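First subunit A sits with subunit B, and in the next complex the same chain sits with subunit C.
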Partner chain A sequence: MLHFVRAQAQMLIRSPQLFATLLVIPFYSLVFFHFLKSHHHGGLATTTAITAFLMGAWSHAVFVASQTVDDDRAQGTLSLSLLTPSRYLLALAMRTLLTASLALPVLGEMFLVGRWVFGLPIRVDRPGLTLLVAALVTAGVAATALLMSGLMILVRAARSLQNALTYPFYLLGGLILPVATLPGPLRWIARGFFLSWGAQLLRDAAAGPVPDLGVRLTVLCVLVGLQAAVGLWAVRRVLSFVRTGRVVLHD
Partner chain B sequence: MTEFATERICGRLPGGGLAPDPVPAQRPSPLARVRVAARQVAYGALASYRDYRAMFTLRTWLFGWTVRLICQVLFFAGLGRLVGSPSAEAYLAFGNAAVLGPLGSLGVVSSTVGERVSGTLQFLLLSRGSTFLVLASRGLHWMADGLLTSTIALCVVSPLLGVPLHWAALPVILAVLCLSTVSCYCLALCMTSISVRRPGSRMYLTAGTTIALMLLAGVSTPVPESGATGLLARILPLTHGLSAARTLAAGGVLDLGAVAGEAAVAAGWGLLAWLLLTRALRHTVRTGSLSLR
Partner chain C sequence: MAIVEVQELGRVFTPRRGAEVTALDGVTFSIGEGEVLGLLGPNGAGKTTLSRILTTLLLPTCGTARIGGHDVVRQSKEVRRLIGLVLGGDRGLYGRLTARQNLLYWGALQGLGGRTARQRTDEMLERFGLGARADDRVELFSRGMVQRVHLARALLSRPPLLIMDEPTNGMDPHAGAGFRQLVHDLKEAGCTVVLTTHDMQEAQDVCTRIALIDHGRILHMGAAGELLARIGAPRTIRAEGVCAEAAARIAELPGTVEVTEQGSLTARLDGAEAQSAALAVLVQAQATEIAVAPPGLTELYRTVITDREFAL
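Up next, the complex of A and B:
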């Protein structure tokens, strides 16, 4: 499995433009921090830094990590990979996970921008737990990217849909306001969404003692696992469609 | 032995200059020039529309794109609720709905790069028509889309979050926002002079402008009054227009000074766009630096 990761790392190093999302999205933290500073609510800096990190991780997964399979198709290596006995699905999953995990340092970047550029009080009470939850959320967004990969092969308009898959999910994930503020039916959907559990757990881990930590961590792990299972199942099914000719690798 | 007669061929001479046309052309009248320019813009707008239709169906536009933009407004308005200030929430909601038009118009930066990547820019540069006009009209769909989604967002979010909006003034508000969108489109055309030569820069250019508008133009926080940021805010598109739109929404009268300011900013960026883009295109032709990819 390591050689899949090594190959993807080499491809990423040769394509620095793939890191653009990671550089651009955190710019939004400037808007958040500037707003908090002008309204004298510096105490919320850690919360908004986490929001900016989650925005960056999600959009990096949706725009960049999910693109891996489309790049393979555009370069003509997808059809060749499907002909080989090696498991392309496993390779794709590992490569997507590696690409998505590059968003992890953004969390530190956000904390540094808040503290050094704006002089806001950034406080992380439980750094180890914060890092663990951030890693779990990253695994979740990688699973989302995998699901998107299936869509990229199946639907021609998937690229224009990528844009639509950002802010609605930021709201559903409770990135800016807790999911309790969402209207009834949406609140129920959000309860089954790993991002909402991850966002709330990250905020609590940064703030101090976390109530029901074991249960909440378990729920987050289960939801991330389910997301990964759905993503793998979807890509596997789409690839089987490709093999049988039911889906044509256009272009 | 056959002797070849030396023929005068129209085109580039060995010395580097351009040979005159074999048939001296009559100088077209100003009216004819305007007609040609209008035709170019009309075809550019038609091509823009076709591009747009290829990108979205009515369903994906309505339930994908428009819903996403409304969620974007709600997301940023949520910052106001986070700090427990209903007035800040309303301020953010109005500002973020109004900024959708100007932000949408930034799409022209990518459209121009699209001309280069698809290999059509070379042919445009070879043609007799104005390349500037073609490129300027190739992103008109972004401007129209931005205005439409901004209007929808204003109409949806205002009652939802209780944003004070004087409904009778809505047509005038939209006219002012239209001016701001044109103004931002002119700024975006300035940036195309960079993106057409360095396609990789387009994402950074649009993201940088987005953040500058959201920080300084009065979208999220009041416009800075003094210093370098205050000066920059005054020459940015949207600042004056948004101020006039906010006054109208609150039931005030149209601030003609602010509208004149926005029109001046639009004219300034428009003129600069023409200078920079024309210069950039000439440079690429002169140096032969426009690669096919």
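Up next, the complex of A and C:
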């Protein structure tokens, strides 16, 4: 397993454009924090930092981490990988997870910029829990990226869907409005979406004592696990569907 | 014993738009252990389709294929353990990784343990003369070197059956000679090889048997000598300094004749009578460098496979 992570790390190091998220989000944060500071809304700084991190992690997964399989197709390594489908699936999972986790440091960057550059009152009451939840959310977005990468093999047009896969999910994740204010059916979908649980836990972990922590962490773990199961299942199905010859792998 | 057994194997592609394509039209053959089978045929003949089915990458639409007794559709897992695959061209490796990193990654995919993978990687890098460039990125490699990495990768798991689809496309003559030596060594070591190539000399040098494929069917199959005896391809007559008048007289004989402006003539004439007549004309016209070559695979191929790409 480590082999696959190492190989992906070696590839990532040689493709610096993939690190864009790490640079772009803190850059935007300058704008957000400046805004908060000049309007005397410093109290919102922590939530802003968390929201920016989650949006960054999600878009990084949708636009970058989801490319793993498509990259393999473009390089012609996908065909050959199909000779060892189960280990290839494992390799994809590890590689996608590593790429997705490149967004993890953004959370720290946001906190640091807010506090040290703007002097905003950012505080994290439970740093350990914050890190744990951030890691779980990263696993969830990696699983989403895996699902997407499978779809991109089946439907070439999926690439153009990428843009549509950001804003609605920010809404469902409670990143734009509180989940409780969403209309009925949307609210229910949001309740089954790992991102909304992760976002609320991150906000609470920063604020202070977290009510119902055990239950909420369990729910988050289950939802992330389900997301991972769906992602792995989808890619496995796609890889075996490829054998029918109805998707062209070599262009 | 046959390591590959193929029965009435067929593949029809049904595109979303347009007509169905029969890429493979019910082929039956078997390959014994240690054989080197050459697949020869024009583009679109179905060679890649056959290779992909044998390596489990593509499902057939009819018939069966067994590798080492395992069915390629139902027992793909067992089949995959027995095969190595080399696809031609520059693609199929991670350009951003070094040769060594590529091999280690593939070793891990093959399920080789860390130490075995490292050992075999070193061994393969050495064997393919890549030692000095082992830690350079593959995207910086020349085509010939990329092909060597491909071969190294395919042999990492020491498969008893190696399937290669145009592995020598664009190799320089030295690399080509090295490749022939490799196939020879593999054969000596008991490995079975299926080799698709457009290089007739290469096929004649390394293959124990040849299959001529066109329109998804095997037209002829056998050892090169056997096929040449059976099909009666014409001898090739070559000469230099052939005057226009002599060339015109030879062109009237049955067969194909090509003459350049400089007066080099290449003639493949039907029947011993026409050949003697042409030789007499050439001697009389005082042509130089007159040579008669026995038919080889090129002549055989040109006799069996009708030209349709572009008629010269």
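Methods note: the second predicted complex is superposed on the first by the 242 of 251 C-alpha atoms of A that agree within 3 Å, B and C clash if a C-alpha of one lies under 4 Å from a C-alpha of the other, contacts with A are read in each partner's own complex, and residues count from 1 in each chain.
To be clear about the criterion, contacts are C-beta pairs under 8 Å (C-beta built on N, C-alpha and C of every residue); 3 or more make two chains touch, one makes a residue touch a chain.
Just so we're clear, the structure is a prediction, and the values are computed from it rather than from any experiment.
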Check: subunit A superposed: clash or fit between subunit B and subunit C?
Finding: fit
Check: When the two structures are overlaid on chain A, which partner does A:218 contact: first (subunit B), second (subunit C), both, or neither?
Finding: neither
Notebook entry, point to check: Who touches more of subunit A, subunit B or subunit C?
Noted result: B
Next item on the list: Using the superposition on chain A described above, determine whether A:79 touches subunit B (first), subunit C (second), both, or neither.
Entry: second
Check: For A:166, is the partner it touches subunit B (first), subunit C (second), both, or none of the two (neither)?
Finding: first
Check: Once the shared chain is lined up, is A:245 touching subunit B (first), subunit C (second), both, or neither of them?
Finding: second
Margin query: Quick check for you: in the superposed arrangement, does A:10 touch first (subunit B), second (subunit C), both or neither?
Written below: second
Notebook entry, point to check: After the superposition, what is the least C-alpha distance between subunit B and subunit C in whole angstrom?
Noted result: 14
Check: Can you pull the subunit A residues that subunit B and subunit C both touch?
Finding: none
Note to self: With touch defined as at the start, can you tell me which subunit A residues reach subunit C in the complex?
What the structure shows: 3-4, 7, 10-11, 14-15, 75-77, 79-84, 87-88, 91, 242-245, 250
Checklist line | Contact footprint of subunit B on subunit A as seen in their complex | finding: 17, 20, 23-24, 27-28, 30-32, 34-36, 38-39, 41, 44, 47-48, 157, 160-161, 163-168, 170-171, 175-177, 181
Item checked: Residues of subunit C that touch subunit A when the two form their complex -> 11, 13, 52, 55-59, 80, 83, 85, 87, 89, 91-97, 101, 104-111, 114, 117, 137, 153
Next item on the list: Could you please specify the touching residues of subunit B with respect to subunit A in the complex?
Entry: 55-57, 60, 64-65, 67-69, 71-72, 74-76, 78-79, 81-83, 85, 88, 92, 200, 203-204, 207-208, 210-211, 214-215, 220-222
